[in-house]
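Some structures to go through are shown next.
Each of the next two complexes has subunit A plus one more chain, namely subunit B in the first and subunit C in the second.
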Partner chain A sequence: MSDTTLPPDRRQAFSDRVRRAATNGRLTAGLILLPPALILFTLFVILPLGESGLYAFYDWNGYGAPQDFVGLRNFEQMFGHSVFSIAVWNTVKIILISLLIQMPLALLLALLIYRKTPTNAVFRLIFFVPYIMAEVAAGLIWSFVFDGNYGVTASIATTLGIERFFVLADRELAFYAVMVVIVWKYFGFHMMIYIAALQGVPDDQIEAAQIEGASRPQIVRHVQVPHIKPAIAVSAFFAIIGALQVFDVIIPLTNGGPSNQTHTIVTYLYEFGLTRLRIGYGSAVGVVLFIVAVLVAVFYQRIFMKKGTA
Partner chain B sequence: MTGPHVWRNVARLTLLVIVASFVLAPLWATVMGGFKTNAEIRTAAFAVPEAFNIEFYGAILSDPAFWRYLGNSMLISSAAVILTLIVGSAAAYVFAQIKFFGSNFLFSYLLLGLMFPFATAILPLFIKIRDIGLLDTYWAVILPQTAFGLSLAILLFRTFFAQLPKELFEAAYIDGCGYVRFFIMFTLPLSTPILATVGVFVFVQSWNNFLLPLVVLNSREVFTWPLGMMQYRGEYVTQWNQTLAFVTLSLVPAVVFFLAAQKYIVAGLTGGAVKG
Partner chain C sequence: MAEVRLENVTKSFGKLTVIPDISLTVPDKSFTVLVGPSGCGKSTLLRLIAGLERPTSGTIRIGGDDVTDDEPSKRGISMVFQSYALYPHMSVARNIDFGLRISNMPTEEREKRLAEAARILALEDYLDRKPSELSGGQRQRVAIGRSIVRNPKVFLFDEPLSNLDAALRTQMRVELAELHHSIDSTMIYVTHDQVEAMTLADQIVVMNKGRIEQIGSPMDLYDTPASVFVAGFIGSPKMNLLPGKALGRPDIATVGIRPEDLEVTENDGWDTKARVVETLGSDTIAYVRVEDVGEMTVRLPGHIRLKDGDRLKLRADPERQHHFDEDGRRIERTDV
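Showing the complex of A and B:
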């Protein structure tokens, strides 16, 4: 909306505005209050992001200035690396499990306990507990659960009298274990979003449907779910963005193993970029992650906006 | 009519109890594990301990390292909250109150942080912090956390500030009150709900953060509690009772904090989610 060009006759007005702004404290206010945020944000968010885009084209160990320009070689290497494919595929699996299991579970539970009663409040609190815990703590607790030597799994094997099994050391099973932990950790968050939305559905609409003889499933399908569609879209967006960032949970559980089977994009970035001090390579991974995140955000907004207007 | 109704309720409660058990069982095993001998953990992980050994919890509570980790986290999280509230509200106030050339552009610029995950720029961030000479200091965590929290904070603050009555400012302005003074004397005191929401949100994020401290902190003197916990786990690989006692005790502040600030946390998380 603001004027981007200044015709000559408006220049006078502009300098007037500047003078007035300076005298009534607007300019000083702007000059005192705005720069801290701009400086912090530029220095620690935007510059590193831009540098990712620069370093990604270098082979650089982080010491001295990046000099060894390699063009797209980091990207070629990344897309040719089988572990990177595993990491991407694992991220896709997390998204699928979130959309197909976690969100329906969260919606079902939300429908069961969205009404404000004391019992419901207790269940709501219980289901939300994993979400308020640190991811690392959650990962550590579950690594105890899955520990076939000294942990809960060992105890279960002893009790049932079966041979010990090691879920996290199994190439096939390890990532399922990770996904169990992710569902355990986050379904409460999605449930809370749905509960907040369900409490906003007008009671008279539900009552009207009841009077017309609608069954409970029909009310859910035709009144409640359509009403909370925006909340479902938001929770899907967070599930996808969250899946792109999974890191903390993996480190205590499997640290990416066994034989790199449980890496996600961020653990891959950490393992093959930072711990090996391949700053250029890790930055290239960061660039890919950035592009995917932006695509998701743009894509989401397109769909969401369309639905909003239709 | 009561027949199907009762059955439906039973089915509903059964499902809720099953899910609740799935949620609570690992936590129960963790809390109880801190009281058990390792042999007992291996054979009866879910049982109530035969005897409550308090030595493992005692060992953690009397370990100065445990308190140092918690203290470091407390310091870092509090500083991140204070800095985010001050810097974020100041900028948001300018956007809400003063229209100037390029203000929309700068506002959108500051919201870019909502677009991408923190991890994308972690390597250049590490290099930058190293070059500034902040590696292994509290600031290495505080400043980037504040910077990344600013986008959401400014978005929420500006929305809130814009809803405050305009007449108030006009009256104060006629009385000779300037923009900065008005911000400090009126806007901030009137905005405690949103300050609390954002503050709690930033605190929880900072308290639980793992990746950034992992990358920029090296010495145990400055470790935050998640790093300390992983360190502990590495030292006592086979002695789960020690680690479980540590995990349980480090979760206590989080649970207490959650119960105290539940209103703001739920508002911040779901509200922030909806707006983000």
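Showing the complex of A and C:
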């Protein structure tokens, strides 16, 4: 909308704001600080996004300029591909496991160790170590744990005197193993969010509830959890967006196998788009993932993170 | 009967002893105020009575029962916190009847108690509001309402008025006094404000460094302070504490003269010069310097108009002086 279409009072307010910004240095600060961020964001986010959206309509191997326009064929193939369905379902399962197991586990541990004591500080560090560990390293460690020949599961099988089992090679069990690793890897992050929030709950509210006869679970339910609802909303948001992006834990663990049973949307994109040099197809998967992530973000923010709740 | 009795109670946090050894009786249905400067242990003492802290040693009895190891909810007490401790996500009604709900009290009885508390505290129109939609005074009333509905044997107040502005504090002080008269329960009230202590209490307990300096009625403490500390703490403006030597009494370590016990004279008396004069309307407070004696505060009737720098002669009524020994303990006048 051009300035001339504004009503006179709003036009005046706008010009006042500009004048204030010019005199108090905010305009200068904006002019100096904004361009670097804007240029980098445009170069590395906006342009690749736009290009990806363009390549999604081409059959292109990444060499030369894309010329073979195929319309919506990449999308048709993707939605008709059984492995893509598995990948989507696996991603949904990771979201569910994050919300229903990882977050409650993180909350439970946070409630146990949120108070500032030396012992709790040690436990906090121990629980947080998986999160700060590189995903690839975590994947490799767990691939050793699950190794049926030399790993921990092999030792367990030998101790129990049962037949050795290969969790990561089992079509039924492999994805459960992946989910165990994901819960282990990321619960510490959510736990830290809850700990920070729980430390912000005023002690006297908890003491008031104690005096009124509330039991520990009642205090958690009626006082602490309502207090940290905004933190839970943020944590769930990160859990969902993180689940949509799971990639580097799976590659060293299963590489999407056995029989493509442990792919997520991102590993599917990597496997069937990048490694097979089908950049156009991979772009189509990326576009779908991007749209889903944006929709989730927008709706989640509108529903659960309204002003006053987060 | 809900007499509160503390017998040789001590409290330490690690190596730090906050309360060395206290014995105290709070009579049934009294309004007892624990008063003292910040860090004197008065809030810790209240938390010990509430059960929010366990004593390192000693016994706490409420209504004759030993409650030393009982949970807070089993002691028959309720507590109003300095910050009100209201649950921000609950309505006023839910805040007030929270304790009744979790104890599964029948709905009819619960609603009756809620309505009664709301009536006493004039909160009927605010029951559906959240605490954030209330003023400071209304929040304080909700916190008191939460205490009332439980019909406790003992009410505990931890500096409940310190977050309110001066006008509201005065109003709430009156309301608390009325509340005590109407519900006739034992109340223990912690404050560092000696005006609150003087106006509300039947019995004042003056604390200093974890010890009790003096217990008595407000006027006992005002008229016969047992120590220099009490003399300086009770009364506003505070008592002038002067070295005995400077007043020609080498046998007395400290002489205490209340600002209101100094009078302006025409001829005899100390020749002083007013450094600063505060005109309060009802009173005129002058901060004066007396050569070879020291600084003094004088409280004069409001009709006496002074200005900074005025000279005036002052005299202290010998009958109204307080004498203290080297240890700061009171010397009774018959002993002098």
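The working rule: the second predicted complex is superposed on the first by the 270 of 310 C-alpha atoms of A that agree within 3 Å, B and C clash if a C-alpha of one lies under 4 Å from a C-alpha of the other, contacts with A are read in each partner's own complex, and residues count from 1 in each chain.
Quick note on the criterion: a residue touches a chain if its C-beta (ideal position, glycine included) is under 8 Å from a C-beta of that chain, and two chains touch if they have at least 3 such contacts.
In this text the structure is predicted, and so the values were computed from the model without any measurement.
If you put the two complexes together on subunit A, you find that subunit B and subunit C both fit without a clash. Shared-chain residue A:75: touches no atom of subunit B or subunit C.
Of the two partner chains placed by superposition, only subunit B is touched by A:134; subunit C is not. In the superposed model, the vertex angle subunit B-subunit A-subunit C (Cα centres) comes to 80 degrees (nearest 10).
By the document's definition of touching, neither partner reaches A:176: not subunit B, not subunit C. After overlaying the two complexes on the shared chain, residue contacts for A:212 are found with subunit C alone; subunit B is out of touch.
Once chain A of one complex is fitted onto chain A of the other, the partner contacts of A:165 are absent, as it touches neither subunit B nor subunit C. Fitting both structures onto chain A leaves subunit B and subunit C with a minimum C-alpha separation of 7 Å.
The intersection of subunit A residues touching subunit B with those touching subunit C, taken from the two complexes, is empty. Of all the residues in subunit B, the ones that touch subunit A in their complex are 12, 15-16, 19-20, 22-24, 26-27, 29-30, 33, 38, 41-46, 86-88, 90-91, 93-94, 97-104, 106, 109-110, 112-113, 115-128, 130, 143-144, 146-148, 150-151, 154, 178-180, 183, 204, 207-208, 210-211, 215, 226, 229-230, 233, 238, 240, 243-244, 247, 250-251, 254-255, 258, 265-266, 269-270, 273-274. Partner subunit A is touched in their complex by these residues of subunit C: 50-52, 71-73, 77-79, 81-83, 85-89, 98-99, 102-103, 146, 150.
Remark: subunit A residues 202, 204-205, 207-215, 218, 222-223, 226-227, 229 touch subunit C in the complex. Within the complex formed with subunit B, the subunit A residues making contact are 1-3, 21, 24-26, 28-30, 32-34, 36-38, 40-41, 43-49, 51-52, 55, 62, 105, 108-109, 112-113, 123, 126-137, 140-142, 144-145, 147, 149-152, 154-156, 158-159, 184, 188-189, 192-193, 196, 230-231, 234-235, 238, 241, 244-245, 247-248, 251-252, 266, 269-270, 273-274, 279, 282-283, 286-287, 289-290, 293-294, 297.
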